[in-house]
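Reviewing the structure listed below.
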Amino acid sequence: MADPTSTPVVPGPREPRLASTTLDPALLAAPPARESGVQRSVRWVREHTLALYSALALVYMFLPVAVVVLFSFNDPAGRQNTRWNEFSLDAWTNICKDPTICRSVGVSVSIALVATIVGTILGTMISFALVRHRFRGRASTNLLIFLPMATPEVVLGSSLLALFLNMYWGNWQMPLGFWTILIAHIMFVISFVVVTVKARLAGLDPRLEQAAMDLYADEKATFRYVTLPLVAPGIMGAALLAFSLSFDDFIITNFNSGSTVTFPMYIWGAAQRGIPPQVNVIASIMFFGALAIVLLAQVLGARRRRVVARGTGSVASGAAGTAPVAAEELARRPS
Amino acid sequence: MQIPASSPAIDVAGVPTPAAPAPGLTRGRAVPYWLLLPGMLWLTVFFVVPLVSLFATSLQSPVSDNPDDGYYFNWDFSNYSEALSRYGEQYVRSFVFAGLATLLALAIAYPLAYFIAFKAGRWKALLLVLVVAPFFASFLIRTYAWRTILADEGFVVDLLNALNLLPQDRVLNTPLAVVTGITYNFLPFMILPLYASLDKIDPRLAEAGADLYAKPLTTFRKVIWPLSMPGVVAGTLLTFIPAAGDYINARLLGSTNDRMIGSVIDSQFIIVRDYPIASALSFLLMATILILVTIYVRRAGTEDLL
Amino acid sequence: MASQSVKQVEDLHLVRLTKRYGEHAAVDDLSLTIPAGSFFALLGPSGCGKTTTLRMVAGLEVPTAGMIRIGEQDITALRPYKRPVNTVFQSYALFPHMDIFENVAFGLRRRGEKNIEARVNEMLELVELTPMARRKPAQMSGGQQQRVAVARALINRPDVLLLDEPLGALDLKLRRQMQIELKRIQTEVGITFVHVTHDQEEAMTMADTVAVMNAGRIEQLGAPQELYDTPRTAFAANFLGQSNLFPGQVVARDAQSVQIRAFGQQVLLPATKLSTDSDRVIVGVRPEKLHLHRAGGAVPEGRNTLTGVVTDASFVGVSTQYLVATPWGQELIAFEQNMGSAERPGVGETVTVSWEPAHSFGLDGSDDLNAGIDDDLLEVGHYTAADVEAGLVPAPATVPGG
């Protein structure tokens, strides 16, 4: 430890430091025998700058969430729920006070469920093709997967609208609504499913499948008893991601919704005249629900990883790497 | 026709079979195409075709002054110049706001990602969850919550005013609020790729740097930063692209003078129904982003990211 | 093992087996018969094609040409799950999501067999893992995982059990233990074991027959002792143990022995141990067969002799390893047991090196003298007998590792 400030302090009699007006030059050269409170806190801050900075960044990230949760307990004075008035459990006990809220949540959930199921199946199939097979057109397939993620949502939404507007036959015009929203959502979740499942699949030791075939499992049995159970966590993660992307999407939906109102559409409409605290309640439920699922998965995953670390891991390959890759892909789009 | 019971399955003269990733599993040549077909068809019909349709729409002209009469296709490239001259301001503002937010997000995210990767120890997993967690609460409501935080009588504004940092005495409905909101909304997308690439760096490299007489800052500049470049590139792209197209933050947190191009596209499409102009703007936005991204990735020398 | 009657198995035949990746032939026209019930080792450096051969037998790799038969049954085109062959994979490939019992039961379940519980328990007993039945693979040590992998394959009573570097992931001590274990299991079940390894000691310890593979072909095949005592190529001589090889010219031969002239010295070797008809030969002798005599020391009658200067002597406990520079520039390696109290020769001393004629072997003179030695360990590169005779061999600057 070369840092003089970290030299152990030798206990001794308190020096009348403030009393002396002239400083002994020898004292200046020597490391200080004792730190003042200020010095100590300066040193502490310097040693923990990074941690403090990180803590502040987390505060920045959680501040709005805290506000959302807090204001779900507010009894707003007027229509706008932006100023604290009075604690109330009203919103929590009477979520469906305005039935349009709950109806919009229902619409969002059904769209998200169908989009998740279809998107996860289609995306998983593509991942298997990409990881498990060699074929012509691989590069263009990868490009077609990547592009929707690199396209701003306004462009995705508006281009789909341009398509739907051009879909007419005589007097029939493609009606905007539930089905057009669903089509759009399936389209944009596929890419996210592909990258998430692909990461998991790529981390899967091909020898496990070979071992299954060596042990009399044909292609179907190998898939059912070995491949699928091992890729399942990746598929589950992808489905969770797809659901939350679909449920929370506003921009793409806004272009293609017609008169159908999803939950984000409801919020957008309500923002002008004041968002009721029930919306905060639903957002809080979503937040804590998802947090619980993720934490649970982490705990289970951590236990598995610890066990793996102990053994000489034929399993270890991949498992650890999947999370950040998936997270990175997850990171590509907000809503 | 008689087929011999045990026909020789081996191509003796043969074309060598390429090394498949999982030999024994790749029997049918058609299998991958069947797996790809439904998903790729979906993406083609509802992503590629719409883009073509968007481009086609951007070249249409109105039949009459009434948008209800519709538009017809006539290679009307003037829509582009028209769109730019009318909405150039919002167009440029989008990229400025997105660029600022990206830089801010990098400044906030890098130390945090560094901390999680190298200093968090057993709290690593939990911190990662915390980073992702906020974005499970509805995007719109979180953005809306910033209205409360940045409200004119709120503690943030009071604090900043006390420090004499605010020229306009307020944050809400100013560009500052918009950039704050955009930075906030896309922060996880900066942190996660940064973390992913920092986490791959062997911490002993920093020790080796120190052992070879590099000061901590030099070690960071010469060792850690270059190695984290893939994360920096990925993170800035993941932040910049959606930020440039975003208009929620501008609409909820900014004034009418802070509108971004997404907002214009939205209203031109849905309210004004000037489809050609809206399509031209949308197509321009995508083209500009693709060009910027290509230049950026080339310069960063990490083409394999795409 | 009362109920585990010895299985009636048939020979495994590889006929002109070839596997090409583009231009490169990983396995090149390989023909081989592995007798039923034998413990057969495929030994060779990495990239010699031994694992590819094994994977073709398992059905995980499709041969470019050739045929694989078990008895009279052609299995070349069969899918892996249709073959009476099971594999112990490198690093085991145990199913991480199943416990040990289910891993072992996997093959039986896929074949819809009866009495699974009893058979799995019996197999777990054989590999001494009964108490671990409900553990997951990740909760077990490397040695235990290895035994599970063996049990999982063996329970199916295959005609042939393939082992792909099965002990590679274990530490030295455990490896020795598992070698003995595997040998015991093989004797008990009587199934043909084909074992791929790059570890020559492992191959010699376990196998009845060892095939030395090099560049997609088999260099030599035989019982371990035969291979060691009478290598037929320079590659086999160098890859299996160490050898001193130097060039010579046949001057006389009869039914019993061959007389060779090497750098002015007469060297005798048994006619059975000469592997070539050519007169240009390489004479080989193992380092531990050499004995050093100090100047003035008596050399017993009838031994082959060479003279040289000691350039290095390193004491390694049980023996001392010497490097002796010959007048023509090659260095010989000699291991002397540390017995008796006689003064050992020192560096710089001129010594006579002697050995029994029966311990020499003769190889074809066109072989690369350093074939089979890891390039990283080679100080002077590859050279042939002709190079040595032309004086083209530089003396190594430092001592190669023992």
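Labels for the chains are A, B and C, by order of writing; each one numbers its residues from 1.
In this text, a residue touches a chain if its C-beta (ideal position, glycine included) is under 8 Å from a C-beta of that chain, and two chains touch if they have at least 3 such contacts.
Computed from a predicted model, the values in this text were never measured in an experiment.
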{"item": "Pair sharing more residue contacts (C-beta pairs) when A-B is set against A-C", "value": "A-B"}
{"item": "Label of the chain whose CA centroid is most distant from the centroid of subunit A", "value": "C"}
{"item": "Centroid distance [mean C-alpha coordinates] between subunit C and subunit A, Å", "value": "54"}
{"item": "Distance from subunit B to subunit A - Cα centre to Cα centre, in angstrom", "value": "14"}
{"item": "Subunit A residues counted as touching two or more neighbouring chains", "value": "210, 213"}
{"item": "Residues of subunit B touching at least two other chains", "value": "23-24"}
{"item": "Two or more partner chains touched - positions in subunit C", "value": "59-60, 79-80"}
{"item": "Complex interface listing, subunit A residues touching subunit B", "value": "50-51, 53-54, 57-58, 60-65, 67-68, 71, 82-83, 122-123, 125-126, 128-129, 131-135, 141, 144-148, 150-156, 158-163, 165-166, 183-184, 186-187, 190-191, 194, 206, 209-210, 213, 219, 222, 244, 248, 250-251, 254-255, 263-264, 267-268, 271, 275, 279-280, 282-284, 286-287, 289-291, 294-295, 298, 302, 323-325, 327-328, 330-335"}
{"item": "Subunit B - residues contacting subunit A, complex", "value": "18, 20-27, 29, 31-33, 35-36, 38-40, 42-44, 46-51, 53-54, 56-57, 108-109, 111-112, 114-116, 119, 125-149, 151, 184-193, 195-196, 199, 234-235, 237-238, 241-242, 244-248, 252, 261-262, 265-266, 269-270, 275, 278-279, 282-283, 285-286, 289-290, 293, 306"}
{"item": "Subunit A partner contacts - residues on subunit C that touch it in the complex", "value": "58-60, 79-81, 85-87, 89-97, 106-107, 110-111, 136-142, 145, 152-153, 156, 169"}
{"item": "Partner subunit C, residues of subunit A touching it in the complex", "value": "205, 207-208, 210-218, 221, 225-226, 229-230, 304, 307-308, 310-315"}
